[in-house]
Amino acid sequence: MKEHGRTVHVHYYALLREQSGISDETVHTEAETVLDLFVELNERYHFAARPERLKVALNAEFRNWDDKISHGDTIVFLPPVAGG
Amino acid sequence: MFLLSAERIDTAQLKRALENPGAGACVTFEGWVRNNNEGKTVLRLEYEAYEDLALKEGARILAEALDKFGLLGATCVHRTGCLEIGELAVWVGVSAAHRDEAFAACRYIIDEVKSRVPIWKKEHYADGESGWVNCERCAAHGHDHAHGAGAAGILSRDDASYSRQTALP
Amino acid sequence: MFLLSAERIDTAQLKRALENPGAGACVTFEGWVRNNNEGKTVLRLEYEAYEDLALKEGARILAEALDKFGLLGATCVHRTGCLEIGELAVWVGVSAAHRDEAFAACRYIIDEVKSRVPIWKKEHYADGESGWVNCERCAAHGHDHAHGAGAAGILSRDDASYSRQTALP
Amino acid sequence: MKEHGRTVHVHYYALLREQSGISDETVHTEAETVLDLFVELNERYHFAARPERLKVALNAEFRNWDDKISHGDTIVFLPPVAGG
């Protein structure tokens, strides 16, 4: 583990799951905020969705893109929902 | 009571749970899998949910409705998995003293569920294509409404990989 | 399809009749016998219908709704006879491509049925009294709205026998 | 049968049925309009309802109080309805 880094769990649903090819992963990252993490992961997966079209959940609650992430957090990027 | 179900929904049982001697009105909404959408022939649907958050957000919506409309009962069950044409995808049922509140609350719940609960729908079309469906408000307004705490305004970097939110062939 | 029924209404069967592969929304309204009305404890209800005209007027209301809202299906069944608390008095169900029309049409049908179809309701109270219930609009507006082709303005004679429309003890 | 008179069928529902004590009757009347007939029957039964609170049906269709009645017609005076 690098200095200052943190290990977080990321889950993918729907379009993001298909584009990453995985349902979830454990990531070691230097990212400080949720948005930093998204940008980092987007470089790897090239998600066909702009972050302003997504919402984000931190430990199963809706949160903000500039929220800090902590070791052990579970993060989910949420494509626009379409239930019903 | 907000539930997700991977199995067929038993609506008769759900409706019995809304019974109350002070209830004069019961309104239900059922979302059925339709054979077409935006001009394309639909063969079947897939629903995928982020269960932990979906259950919490669904429960919050029902609590809001109970409080706002003074309901006697409110339930919503949403399907997950593969559904065929005509299948029941979502059931909302409310009971109240009078029909004004019952209609308003039932409509409130389905509208909020569709726009807030993390459930995604993939349509499979007769032409062999498939696609994740955008929320209705996005489609209607060219996406100038906010999805809660969106990242617009925070993000300074361009996102060159943006494209229509549809599965690649 | 508008029906009167002296027997318990089978809602599952009625809902199946609304199924249509192009339907994405089904909204139902159920009127249940409530245990209270205007501060009085209700023990049971009696419904009485002028069947010939009720069936015609009910069918007209459904035809209006089908036309006005572009529905795929619309059904209403109203009970007659004695009903206990919690029993289903009236069932309205509609199916449509989208939920906007389904909600609006279901509401239209129950509102029109309540104010236009010749069905009367007698409430039996815990205090031993009973009374024929006035239509809601009359109660709300002190009866300054017209009941279709009323006789106001035609009648010149006084009607000394007028009293509150309630059964005498 | 009197000259100019006509025989009609009258049905009573709800409050009017209770106040007349009958569900239906066949009436020979000199009344020319529905309203005339109501006034005539009201003298007998003293209905606790003003005609402006009632509607009227002639041969199972909603009609007007000043409509003429004919031999063999079926007439129903309708108290305010309260379905649902």
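Order of writing sets the labels: A, B, C and D. Residues in every chain begin at 1.
The rule is simple: contacts are C-beta pairs under 8 Å (C-beta built on N, C-alpha and C of every residue); 3 or more make two chains touch, one makes a residue touch a chain.
Please read all numbers here as calculations on a predicted model, not as lab measurements.
Note on connectivity: the fewest steps through touching chains from chain A to chain D is 3. Averaged Cα coordinates give chain B a centre that lies 53 Å from the centre of chain D. Rounded to whole angstrom units, the spacing between the C-alpha centres of chain B and chain C is 30. Measuring from the averaged C-alpha position of chain A to that of chain B gives a distance of 23 Å. Counting partner chains per residue, chain B shows two or more touched chains at residues 31, 110. Chains touching one another form the pairs A-B, B-C, C-D.
For chain A in complex with chain B, the touching residues are 11, 13-15, 17-18, 35, 38-39, 42, 46-57, 60-66, 76, 78-84. Interface of chain C with chain D (complex): residues 31, 47-48, 50, 52-53, 56-57, 78, 89-90, 110, 113-122, 132-136, 138, 143, 147-155, 157, 159, 161-165, 167-168.
On the chain B side of its complex with chain C, the touching residues are 12, 19, 21-36, 85-86, 95, 97, 99, 102-103, 106-107, 110.
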